[in-house]
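Consider the two complexes below, in which chain A is the common component and chain B and chain C are the respective partners.
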Partner chain A sequence: MGTEIAHAIADGILGGGVYALMAAGLTLIFGVLDIINVAQGILVVLGGYLSYVLSVHLHLDLLLGLLITMPAMFVIGVVIYWLFIRPLRGAERTSMTLLACFAVALIVEGALYWRFGSNFVSLSASYTVSSVHMFGFYLSDIYLIGFGLAVVAIASLYLILYRTKFGRAVRATMQNQAAARLIGIDVNRVAAVTFGIGTAVTAVGGMVFGAVSGGFNPNSGYDLISRLLAIVILAGMGSIGGALVTAVFMTTAEALVDIWQPNWSVAVFYLALVIILTVRPAGLFGRRAVRTQ
Partner chain B sequence: MRTHTPRARYLAAGASAVLATALIAACGSSGSGSSSSSPILIGTSLSLTGDFSTDGQAFEKGYEIWANDVNKHGGLLGRKVKLVILNDGSSPTQVDTNYTDLITVKHVDLTFGPFSSLLTAPAAEVAHRYGFAFVEGAGGSPLVFSEKLPNVFDVALPVANSLDPLVNWLKSLPAGQRPTSAAYPIANDPFTILQVQRAQGFLQQAGISTSYSKIFPEEVPDFLPNATLVAGKKPQMVILGSTAVPTVTSFVKAFAQQHYNPKIMLATAGPDQGAAFLSAVGGAAVANGVMVPNLWYPGYNDPTSKAMVNEYVAKYGGNASGVNADVAEAYSVGQITADAVTATGGTSGSKIIAYLHGNRTFPSVEGPVQFNNLGENVKAIAFVFQWQNGKFVQVLPVGATGSVPIMYPKTNW
Partner chain C sequence: MTEQLGAEAPLATTIVTTGTGPVPRLRHRMSAVAGVAVAAAIAAVYPLVITNPTATNFGVVTLIFVTVASAWNIFSGYSGYLSLGHAVFYGTGAYFLCVAAKDWHLSGAAVFWLVPLGGVAAAVIAVPLGLVALRVRRHTFVVITIAFFFIAQLSASNLGVTGGSSGILVPVPGNWDPATYNNPFYYLALIIAAATVALAWWVRRSRFGLQLRAIRDDEDRAAGLGVRAMPCKLTALVVSAFITGMAGALWVFFIGEAFPQFVFDPLFDLAVVLMAFFGGLGTVAGPVLGALILEPTQLWLNLQQSNSYESEILFGALFLAVILFLPRGAVPTGAEYLTKWRARWRQSHEDAQ
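On to the complex of A and B.
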């Protein structure tokens, strides 16, 4: 039993990294732009399909393929912002962006069905089925890679936000858009680039998701978005590091429940959300984390 | 307090979006009235999107191939047949709405069943309410028959007995060759639970100990913790209660990562999805030795089945092993319905229901079909199929026509 518990904790921690990778873009976009991007699930799937195309048709390694899919997803994110989000103005902007993101999700899902059909595909490489023997059991290579990528992605986002001139512009925009404009910051450009960065990070999440899952199709985004939203809300909307900690906590709890009652594992995932939000309505880490140094 | 207002707005906006989408999906123009020269309208709701979309789209192809064949031969009763297909998004709620729409707004003459027991059960009730016969090909679980609706006719294999060939074969093995332990991870679905737990009971009686037996939710994106637990027990056999390809693929991947190779790996659904399974699992080498129970496979030695498979390959490409078993189930629904319409001389629901309950045996691409008073196909014979070097072949029952030697133990991942 001790080995099972230790293995479940290890699986939970690694799985949390994968979820954090998928949720990082979502929490960045909310933290900066006040947009709940409900298209995040389908964007993860889109990232998976881009990796699939490069892998199957160009025989490009999944990790190398990120050098292409990340810039591609950045451009897609910027285009989504300029076409669907930027035109929205006024007091109802926040709720309207929710609908706009929903529309984006439907459009992307429809396009993926049209191009790839409904059959499940998965991403394969030597490291998607290999593992290393550590602590007395096998740990999956692709999960270890996913966890490493999550740490790198989240550290990079922190560096961008807190150690660059662009990051200062982003935080100024978050705190007060009118004042940011007065000091010469192009708020629309900052917002578009931020949306693009959030979407580019999602390309990494999509690749890892496609490699660890048993298969995905254009519908797979729906199973993801509720879990990603739960992680981001629980972390505190906008807390990027908090998303990693929370994802690890949630998936570890889920993996532990799996040992005894797997049928309850999903319920535990959302039960934790309800309980913690009751005690801490702003989430575990709160959204202020992103907006202040 | 400020944070509560936007949250309420998001919820309201989200609910509005969902409602609007549902309304748009539910709206449709009124159907044409039937006459002796107009086509026979056949309505069905299929899961073209959502969790069952792979199966739903395979069913669509099966229905379309059948309709093409019928129309090529002059239609039914001298009238062409026309399919009216609505998308239920794999939702049991939407399937209810769709059949109501098909019957009351689009005025279809006949209905065909959807995919999965979860959707067939509510759909059959709607059809029953309006007096329609409901021939279906993917609702074989007790959930569908528990209401004892007189209009339900399932051409597929009754789910409960699906694993009997495997159980019988294992019991026939000399004790030294029989696996000594088994794991039963079961997805929470009416299709899986009964058949796997029934097999587990028989195998325990036969002396095969149970290492693991738990029900897990199937709507999670990956199954690493569940598969790791199974692998940790090192059972010699895994009977996975699955309804879809990703579940099987996820377990196989995790088993490979854990360097765990059972002698027998059987999944209740997924490996029967032809090319869709092979591409998701990572190719023929990984699929080697994986088994699945079913009624039909593309190599079934029947002229109408072969013709249907050839037609499918000509239209959609690939090879025979790539044809999803759902295609044959859908085609059989069309065949049985056509037989009843021709025999009764019309599309009257009550006459068709009485005819199908008449203890008759009907030919189909899946073999003979005969319904008991619940609408189960009592002529259906369970087989077990196995992937062997990229080919999907029948292996059990041993000695049955078409069976080839079983690969046992399966090759390592």
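On to the complex of A and C.
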């Protein structure tokens, strides 16, 4: 029992890294654009399928493939923003953008069904099946690689946000869009690039998810997005650091519940969400009050 | 100051747009009454004139969606709290009917008595959900409703009472004449739909409806003006859930079986929202029109195609088109065009004189 628990904790922490990365993209988009990209889940699946195509048809290594899939997902994100999000204005913008993202998710899901069918596929490479003996138990390599990738990606996200001129423009836009516009920041460009970055991380997320999940199909997007939404809301919308901590905490909790109740483990996410929000509507790390309109 | 004016403008326009003067308003009202009467007459004789079972089947499902879209609109359209979790109420009503019919050994027409009880079950579920979810606003509210949806779906798959993923059957009346089998369902659906639309119309004109729309425009200001926001929102949600639960119960009795992935279907939520948006959010006629146009189209497309992804892509594309080009819905935009056209016509008339 003790080793089982320790193993669940290790898996939870390592798996949490990937969710943290996907959630960071979601919460970044929210912070800058004030929209919830509910298509994030299906975009992760799309990223997984891109990696799948590259590795099966072009025999490209999964990690090398990221060099192609990440820019591809970035472009897809910018296009989605430019075509469907940017034109939406007015008082109902908040809900309209959410619905627009949902519609995009449906179209992507339908396209994936059309192209790949509903059969489960999984990503494989030499390191998806091997494992290392560490701290007294076996950890599969792909978990470690995924965690490492997530750490690198999140670190570069932080570097971009806090060490570049563009990052400063992004943070200014997050704080006050009108003021950012007044001091000469091209808010539309910042928003488009942010949306691109937020979706580019789904390429990494999709690759790791496809390798560790043991199989995914176009329907997997729903499961992903529901977890991601729970994480970012729990953390408090717009808080990147909070999303990281919450993601790791929640996946660990899920892995622990999974030992006893595998059918109900995913309910941990939603139950935590409901409980936290009754006590603290702004989320765990939310600075801004959610009760503003 | 400008922001204040902007926030108050929508409320003001909804009051003003009833007409330009006494005569047009009267004419407007008379044509509206005539329209409703004609629609009711057509709906009443529809299954008697067109007896094709596929057509009456379409009629039943469409009326159920008219009901749900209007019920959704009473809560989300009027209050501005966008719910993507109404499938929870729909599914609660549906599962209540299945389980109760099985446990109480009901069959045949007696099962119809469970339809209102299914609504009550959904309303009871709505109270705790509302107390939790209505504490937060905007995005967070939408996401909480999505979370509730997934909890419900997960529970339906894992709880013993729902039969899990192997589903649960409703004892369908086997001795009814196949030619008129759909008719009892049709007329019950019609009664519920008509009552829901009437309720939506009454709520919109009432003090309660005005309070809801004040909450939609600016909740803090509404609270400052003395609107008790939480009881208002909760009442609207519970009423909406009650109707949605009844619709779900009737629907599951009609199709005869319940599986978690069909009873709790994320596309259901989107379909309802799309119908309301397509017709016009917060209007009485909008969701009805949206359901009358979109649901038969969807059913017809499903008949034409063996695969579901094409209708999924079409559905998404249609949704995007509505959001981008008809953001306020067909009814308000259409009314605007009509007014513009009428004004231009009158202008040219006066110029000619």
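As a working rule, the second predicted complex is superposed on the first by the 284 of 293 C-alpha atoms of A that agree within 3 Å, B and C clash if a C-alpha of one lies under 4 Å from a C-alpha of the other, contacts with A are read in each partner's own complex, and residues count from 1 in each chain.
Keep in mind that, in the parts below, contacts are C-beta pairs under 8 Å (C-beta built on N, C-alpha and C of every residue); 3 or more make two chains touch, one makes a residue touch a chain.
Since this is a predicted model, take the numbers as computed values, not measurements.
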item: Simultaneous placement of chain C and chain B on chain A, clash or fit; value: clash
item: Partner chain in contact with A:30 - chain B first, chain C second, else both or neither; value: second
item: Touched partner set for A:120, first chain B, second chain C, both or neither; value: first
item: First (chain B), second (chain C), both or neither touched by A:15; value: first
item: Touching partner for A:88 - first (chain B), second (chain C), both, neither; value: second
item: First, second, both or neither for A:209, with chain B first and chain C second; value: first
item: Contacts of A:229 with chain B and chain C, given as first, second, both or neither; value: second
item: Chain B versus chain C as contact partner of A:111, first or second or both or neither; value: second
item: First (chain B), second (chain C), both or neither touched by A:100; value: second
item: Touching partner for A:270 - first (chain B), second (chain C), both, neither; value: second
item: Selected from 60-68, 114-122, 168-176 or 402-410: the stretch of chain B that, after superposition, runs into chain C; value: 114-122
item: Residues of chain A that lie at the interface with chain B and also at the interface with chain C; value: 36, 38, 92, 94-96, 98-99, 102, 106, 109, 113, 222, 263, 266, 281
item: Chain B residues within the chain A interface of the complex; value: 3, 6, 9-10, 12-14, 16-17, 21, 48-51, 53-54, 56-57, 90, 188, 214-217, 219-226, 228-229, 232, 244-254, 256-259, 275-276, 279-283, 413
item: Touch list for chain C against partner chain A, complex; value: 10, 82, 84, 132, 135-140, 142-144, 146-148, 150-151, 154-155, 157-158, 218-220, 266-267, 270, 273, 277, 281, 307-310, 312-313, 315-317, 319-320, 323-324, 327
item: Chain C-touching residues of chain A, taken from the complex the two chains share; value: 30, 35-36, 38, 84, 87-88, 90-92, 94-96, 98-100, 102-107, 109-111, 113-114, 222, 226, 229-230, 233, 237, 263-264, 266-267, 269-271, 273-274, 277-278, 281, 290-293
item: Chain B partner contacts - residues on chain A that touch it in the complex; value: 3-4, 7-8, 11-12, 15, 36, 38, 92, 94-96, 98-99, 102, 106, 109, 113, 117-122, 124, 128-131, 137-138, 140-141, 143, 209, 212-220, 222-224, 227, 254-255, 258-259, 261-263, 265-266, 281-282
